[in-house]
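Letters are used for the chains, namely A, B and C, taken in the order the chains are written, and counting of residues starts over at 1 for each.
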Amino acid sequence: MTQQIELSGVNKYYGAYHALRDINLSIPKGAFVALVGPSGCGKSTLLRSLAGLETISSGDLVIAGERMNDMPPRKRDLAMVFQSYALYPHMTVEQNLTYSLRIKGVKKAEAKKAAEEVAAITGLSDLLHRYPRELSGGQRQRVAMSRAIIRHPKAFLFDEPLSNLDAALRVHMRKEIRALHDRLGATSVYVTHDQVEAMTMADHVVIMRAGVIEQQGRPLDLYDRPANRFVAGFIGSPAMNFIPARTSDDGTSLILDLPGAPVLAMDLDLPPGHAVSVGIRPEHLSLATADMPGFNVPVAAIESTGAATFVTTETTPEIVLVLNGRSTVSAGETIHLTFEPKNIHVFDAGSDQRIEVGTVLTQAKTAS
Amino acid sequence: MRRILSTVRDGRGFDIVLVGVPFAFLFALAGLPLIYNILMSFQEVDMFSLGSFIRPFVGIDNYVALFRQPETWPILTNTLIFVVGSIAGQFVIGFGLALFFWTNFPGASWLRGLFLVSWVMPGLVVGAIWNWILSGDFGVLNFFLRESGLIEGNIFWRSDPIFSLWAVVIANIWLGTSFNMILLSVGLSAIPGDLYEAAEMDGANGWQRFWTITLPMMRSTIGAIIALGLIFTLQQFDLFAAITDGGPNNSSNVAQYWAWDLSFRQYDFGRGATISVIMTVFVMFAAAVYVRSTRHEVRG
Amino acid sequence: MSETARNRLMLAIALIMAAIYLFPLYWMYVTSLKSGSEMFANPPSFWPSSAQWQTFAFVWESRNMGRYLWNSTVIAFGSVALIAVLGTGCAYVLARYRNVWVDVGLFLILMLQVLPASLMVTPIFVGFTQVGLLDYPRLAVILAIAAKSMPFFVVLVRATFMAVPMELEEAALVDGNSRVGAFFNIVLPLARNGILVSAILIFMQAFGEFVYSKSMIQDVSLQPASVGLNSFMGPNTSEWNNIMAYATMYVTPILAIFVLLQRRIVSGLTSGALK
């Protein structure tokens, strides 16, 4: 597959501040890539560098085979949907849509026809002569999208386009944007701080922190095999539980630093007494009957959404688990927890990097 | 060449052109004169040496001579009285009006804006009107004062050395009050209403709320307004030209009017420049205070 | 007390205060309509017994006001044009970026804003004499006013540009426009009102300017109305009805513009002056 956008060794400095650190990223034609991370991680800077609104300090930025490092935005042929939509308030919807065409010198009649076609796709046909201030939030969002679509650009850039919408509309637009992407066969780069958005919409998710790409890959790969503790904690909601642990003296098992927790026997390539962090997702913990293997923990708090029940334990560190439906468990009670050994993740306590482990067996006996 | 053109179209060059030309203009017409002013204050400049660049250098003679002149100290004192009197009057009346209009009844903001006509009128017209109002025998102010029993005989505002400076102060207070009021209104309306609700819940009465919430919250606004008042008062020239002409016998003369008078009536440009330099230092100081008190807003 | 009663009472007090405050203006209009003898009546009359409208025509003719006002207009338009052309771009750049250079530029602008004309006129006059600019006295005054008022304009217009979201300009760039194109197509139209209001404020200032005109324009036929008014008011004048008629004809256009655009002018002024 041809690469539509390629970044290699890209760095960006603001004075002494190192905003992007050695970014390498290839985006094939037709892919939907999500850039996700906490605020200030550099995802927006990266997107704006693609657009040409920021100049990169070093490295190579290639779009459709052409090096674009110093090209002004107008020569890059990319379309961008802004968080605030950035609709021109002094122009009607139609003028907003055709603005880029008019700059290119497209004939009036042609531009009008193009606007009508795009409006038909996005359901704006009746609104072409309104001004942005006369539109609802969702309609403005559509105008912003249409303004990008009408150009048939080399790629679409989205800068948190859904964050100004209410929850229900956001879920709806998620599907709509993805459907539009597939229909147009477009290449899209989508910035969001919402990992759910990234996971549900993208083919390829790029997780960033402090200007560095922490991990990139297919959404479920990131969920199943997070490369480090940051990614593990960032993907999934509620967040993964981390329990400190260390290797046993004979180096064949992990001893969790949690009273009553089982010892995990496994193939380890670590020195004895090595400190690690064991991660287990809330949805991978379950209640067990007293006769099954597991461990006892007291309950601190119960929250229920009706569809699921979130249990927080009174341990250090606290553990969160998610139970389907309702539960009779109440605060102050002691519950018996169990998990499938294959669902644990092990991270080095010093470097936070993932440690691959072989088959894991739970030992019924608790550590002494 | 193409590179320069393209940066002007697409890059930083555009900003540099936009900001460079005006700054060059300002440097030529404000920066250079400032420097030239300092230079002239060390020279002897009169009608004859006006056109030449090489003039006798006199060191600090201008400064020494200036402070030996008998009228210097009275004029500087006048300047101080004019500044303090004007600012105090403008601020107190302006604050009172701003507090009144803050109660926000229908029509308040329109009426409040109307007050600003005193500020947009040409200073010379304001001066002419007040000259007439303050006239001794036929002035309407004297009429009001007599009718209300405050005075018995007419006050000769413009020609009595005791009152002449105050005549200009009164006119200047009228001129500047509305501007103070508008800016203070902005400051007042920026105080979040829930602070007052919280204070009311805490049991503060109206008077206490004013002292514990309004005034502290207005501190930076008040600082900026007083500094602005100082700047505007030191710029006031037209009223002197229209009301007293600095007289009688310099009793209403102030530094900024005197500087002009020395240069353009007595043709002693060197000494005019000397006064200008001294006053410019004062104004710069006021400006620095103003910038400081609005600094957080400048950075926004 | 009910809400409406309270509002009415407040409005009544406000009207009385406005009447007191604006009395000098009223007095100008009333005096201009009085006859020579009524003007000096004791007690003064607060409504002209027989309005002397012909005073205006007399003053207009005898003082040659048409020429004075024309000169004021030329000077004011010249200054506003120069300030708007140079100051708008400057304000835009100072609004768009936030760094040390912008802070320095703003500081310089604010410093220049405060320099009194009566102090600057000495070096400007001497300098202009030497470079020969005083041969074109109205141009000289326009240049001096532009240097004096541009900082104020920049401060006001900068506040306007700050209110235009940066994303709009960025959207235009991504949509294929150049910096120049985006500035003229998107940013300027959106800041138009603020620029217009600031220009009107500057116009009103320049229309009443006195110090520079008085000092630099010797030729009566080129002097503006402020200088004309000054020479009309001799030290012992008694023509107050004529002077007030002059003042009326001079300020009424300005006041009309102000009252019509009051809301916009006040908000434009307050958004910039404290920032």
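To be clear about the criterion, a contact is a pair of C-beta atoms (placed from the backbone, for glycine too) under 8 Å apart; a residue touches a chain by one contact, two chains touch by 3 or more.
In UniProt terms, the chains line up like this: A = Multiple sugar transport system ATP-binding protein; B, C = Multiple sugar transport system permease protein.
This is a predicted model, so every value here is computed, not measured.
Peer 1: Any idea which two chains share the most contacting C-beta pairs?
Peer 2: B-C
Peer 1: Where centres are the averaged C-alpha coordinates, which chain has the largest centre distance to chain C?
Peer 2: A
Peer 1: Indicate the whole-number Å distance between the mean C-alpha point of chain A and the mean C-alpha point of chain B.
Peer 2: 58
Peer 1: Where the CA atoms of chain B average out and where those of chain C average out, how many Å apart are those spots?
Peer 2: Chain centroid spacing, chain B to chain C, equals 15 Å.
Peer 1: Can you list the chain B residues in contact with two or more other chains?
Peer 2: 9-11
Peer 1: Listing for chain A: what residues touch at least two other chains?
Peer 2: As it turns out, chain A has residues touching two or more other chains at 72, 74.
Peer 1: In chain C, what residues contact two or more other chains?
Peer 2: As it turns out, chain C has residues touching two or more other chains at 178-179.
Peer 1: If we count contacts the way the header does, which residues on chain B are in touch with chain C in the complex?
Peer 2: 8-11, 14-15, 17-19, 21-23, 25-26, 29-30, 32-34, 36-37, 40, 45, 50-51, 53, 97, 100-101, 103, 105-118, 120-126, 128-133, 135, 137-138, 140, 143, 147, 174, 177-178, 182-183, 185-187, 221, 224, 228, 231, 234-235, 237-238, 241-242, 245, 256-257, 259-260, 263-264, 269, 272-273, 275-276, 279-280, 283-284, 286-288, 290-291, 294, 297-300
Peer 1: Could you list, by residue number, the parts of chain C that touch chain A in their complex?
Peer 2: Counting only chain C, the residues touching chain A are 165, 167-168, 170-179, 181, 186, 189-190.
Peer 1: Mind listing the chain C positions that touch chain B in their complex?
Peer 2: 6-7, 10-11, 13-15, 17-18, 21-22, 24-25, 27-28, 31, 39-40, 42-44, 86-87, 89-90, 92-94, 96-98, 103, 105-127, 129-130, 143-144, 146-148, 150-151, 154, 162, 178-180, 183, 201, 204, 207-211, 214-215, 226, 229-230, 233, 235, 240, 243-244, 247, 250-251, 254-255, 258-259, 262-263, 265-266, 269-270, 273-275
Peer 1: So in the complex, the part of chain A that touches chain C is made up of which residues?
Peer 2: By the definition above, chain A touches chain C via 51-53, 72-74, 76-80, 82-84, 86, 88-90, 99-100, 103-104, 147, 151, 157.
Peer 1: Could you please specify the touching residues of chain B with respect to chain A in the complex?
Peer 2: 6, 9-11
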